[in-house]
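After this come two complexes, each holding chain A, first together with chain B and then together with chain C.
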Partner chain A sequence: MSTTATDPIRDYIVQEFLAGEDAADLTDDFDLIESTVVNSLGLVRLISWISETYGIPVDDIPLEPAAYRTLADIRRFVSEAAPAAV
Partner chain B sequence: MAAENDTDTYGLTAPYADELNDDVTRWDRAGEFPHEKWKPLQRSGLFTLPFAPEHGGAGRTLTETMAALEGLGHTSRDAGLNFSASTQIVSVGIPLQAFGSAELRERYLPRVTSGEAITAHAITEPGHGSDVMNIRTTAVRDGDDYVLNGGKLFITNAPVADLFLLYVRTGKPGAFGLSTFLAERSTPGLTVGEPLDTMGLRTSPISEVTLTDVRLPVANRLGSEGAGFLIMDYVMKREVLFSFAVNLGEMTHRLKRVVEHATTRQQFGASIGKNQAVAHKIADMRIAVETARKWLYDTGRKVEQGKDASLDVAATKIVVSEANQLTARHAIQIFGARGYLTDTGIERELRNATAGSIYSGTNEIQRNCIAALMGL
Partner chain C sequence: MPSPRLLQAFSRHVQEDPGRTALVAGGARVSYADLEQLARRTAADLDAVDRTDVRALCVPAHKSPETIALLLAAWRRGINTLVPSPGLGAAALATLTAQAHGPLTAVAVPGGGAILSREESDPALADGFSAPDPEESLLTLTTSGSTGVPKLVPIRTDAFDRFGDWATEKFGLDADARSLSFSPLNFDLALLDVWTVLEAGGTVVLADAGASGDAAYLRALTSDNDVTLVQGVPLLHRLLAADGARYPSVRTVVFTGESVSEQGLRDTFAACPAARFHNVFGCTETNDSFIEDIDPDAFVHPLPIGAPIEGTEAVLLIEGPDGTEVLQGPGTGELLVHTPFQTCGYLEQARNAHAFMPDPRGGGAMFYRTGDLVHRDADGRHFLQGRTDFQVKVRGVRTNTLEVETVLGAHPDVVEACVVALPCPEAGTRLHAEVVRRDGTSLSSLGLRAYAAKHLPRHAVPSSVALAGTPLPKTPTGKPDRNSIKKTRLNGDT
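Moving on, here comes the complex of A and B:
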């Protein structure tokens, strides 16, 4: 999976959680939770955004932080839950 | 003069002005919910706006609904009733439409959109006001049911509500241990306390809600177990936009009234508005009203487009509630002794405006959120 500037999930995380910071380290396997880039409040925002952006019903959204640990994890879940959107 | 909203829903409640404004001072003194004024709101179609037509809704957008609520604030001088009406739309109907099962939607939404069933949502607890992550009321799974125990406090509309949306803990500590349940008032073990006497918004009744071994079927849960905080996040954004759109209408009306007074009241051979001390206050009121309008509708459009508006919603809540308080204080000062009299209704507006920096998450909590969102 590429991490280009047109990647909406990466763009969202850079814009909302890393605004004004160097995002060069945000690779596909960068740990968003461990690094505290996404904290518990951020996780709620991230999940809400994914649900609304990709039209995934809240019943189909995993609520464990592990599902959102890395960009690769998030893309994997979104591509399974909303394959047409990714 | 402040701009009027030209959205077609803005004037929805205007034809009912006489009924809504009948004896407002007496109702405020009594501190009672004016049931008879609920009926014109039902007839106006206000409660139908953001809901799907198959459930009796009008299918209007979020910002069109905000415009109607702004119009209500401009029309009705009963801010307590206005607040209860806004709560009616957002507390049960909005989450039920977005997260409820087809069965729940079919069963309850028509009663909500018609206004036949008055609704409330129960989030705040005696030990946890804005600290919603620490909700202690529990729901424990028991076969096909959940058993709920705990207590809620300061629940708007509770004394008159038929339906409650309950935010409770079903799992681990923190955000993802919360779940949301729909309960009818008649559910055994659900007890509504006496209305609490308040400083402002006195016609919008609030009370305690106690849950003692309340048994609810799994089917009454909205969304999956643990999704309560996501539902709350969705609802609170709309609660701020709807209830503070009402405030915008109230402020716009207040500003018009103050301008009229300042241009007609004569002192020392001239209208009092010719005094800079008065004119500057009115200019500040205008700035506050228009700033509130920009924040409200910019944020509304952002939410409507599905963008992350967490910071915007927090800022909007602060800007509008503080504008409401500032304009109410200035109005009293400009009206002088008349503003201080209860019969003119000006002092009531200051009492009502005071609540805005407290409910929907205190302004201190909103500032904490903004700071956290800035990485501080």
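Moving on, here comes the complex of A and C:
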């Protein structure tokens, strides 16, 4: 579980999808898709943020929700696609 | 009931059994003789003012024996009383009083008596409003304006007597009845739990208006006074049933106002082992119109609103190929009812053409358009689907915010939930939930989202959840004030 301020992915999710809410329960394995915290529209925003933040071309980013189910999934994808960034 | 018959029955109880307890309030017992004395003191104050131009007496519904005595005294003098929420602001009160052709306001004082004041207001405010006719009605109630000033609904005396007859028989009310009066005096629920019980010679236990969310207080009040009749919204039943409390004295439980969760039902069954359970459906304009007698051993959930009360006629209106038509057989449509208990119409004449219409099947009876979306199954049971105006579209999918509330409210750690539709730049409309969690639970907004996602289609899962420890803002009739919640959210969002 990672809750420090040095976790930009988590910070982004909290700021963008859980603004003003208690995010203490947001663990690395919390299912963002199943819980609808990230819905289909949110997924589009998330992908574009990843693309911009980590310099990964949008075309290289898979669109299926399963790739972003949890914080751990997103982190794993980013570290594989842009190893220098994380 | 606010009718000559109630007044006669009350006087009879005073004569025949003066020492019997009429009211319990603030820990003190008020006997029928005490209440009579309070009413006489108040009558003296009413007689001390010139009442020649008085068409309606505004009595803010402060919940006290003195206010009840004030109403009895006014009715004895043939005065129609307008009974609004005491929480209304001065400007709204003045407008309502003017609309009802006032111009007197009376506030009961401790120990009996009333302070009367005369409102000078613009007579034009009463344009288009009928004056209440005391021959026809002694009581004018208000319905929640979720928008703007409440609507004025005169309650007919004969309609009240018919309601009293029905309720007395249906719930077996007599001098041994002891009701818990939880809702404010200006609610139509008081017609049963205050006025019909007094007419029967029973005892009314007045729950303090300020303590309505205090479970420990309500539990003690109910236990200590051997209450037999509990009527109220699911929140009341939930508070009473908390922590495994038991009420062997309760004989009748009436659910009303909103849909109750399955767990809430089971908890109440356990809390009141000797009771009969009813789901009652109605509104201020028609009073009760549907009832479902609930069998704890064989009930369905969500609870049906049941079948029309004896004497009530109900039709469902649907949009057919040639316009509006009456639904035959099973299906879903807007509920229209005609009850033996209904009002003769709003004082504001212009409202009536939209709210009331002649029997759509032909015939002269006036039907009230409830605005409620109701499903009728093949067995003739009716189920409330929500308000016709609570339908919103979320990402193109028709969604009923009340259904979402019901699902959130069914979470064991949720005390109350309110869901509003907010504008969303991406989706057009998104759902936002305000939720009050039970004290001491660790329910988080993420936990609740996960729960909602399990029980709702994706489009219906609120996209934001705010958890609070304090009760939600309420309308004058005790329902969550969705407009206020929405406004706060919108202003906070921008």
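Assume the second predicted complex is superposed on the first by the 83 of 86 C-alpha atoms of A that agree within 3 Å, B and C clash if a C-alpha of one lies under 4 Å from a C-alpha of the other, contacts with A are read in each partner's own complex, and residues count from 1 in each chain.
As a working rule, a contact is a pair of C-beta atoms (placed from the backbone, for glycine too) under 8 Å apart; a residue touches a chain by one contact, two chains touch by 3 or more.
All values reported here derive from a predicted model rather than from experimental measurement.
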Chain B versus chain C as contact partner of A:I47, first or second or both or neither: first
Which superposed partner A:E34 touches (first chain B, second chain C, both, neither): second
First, second, both or neither for A:D22, with chain B first and chain C second: second
Intersection of the chain A residues that touch chain B with those that touch chain C: 41
Footprint of chain B on chain A - complex, ascending: 12, 16, 40-41, 43-45, 47-49, 51-53, 58-59, 61, 63-65
Chain C residues touching chain A - in the complex, by the definition given at the top: 426-427, 444-447, 449-450, 452-453, 458, 461, 463-467
In the complex, chain A residues that touch chain C: 18-26, 30-31, 34-37, 39, 41
Interfacial residue positions of chain B with respect to chain A in the complex: 99, 133, 174-176, 223-224, 226-227, 229-231, 233-234, 306, 308, 310, 369, 372-373
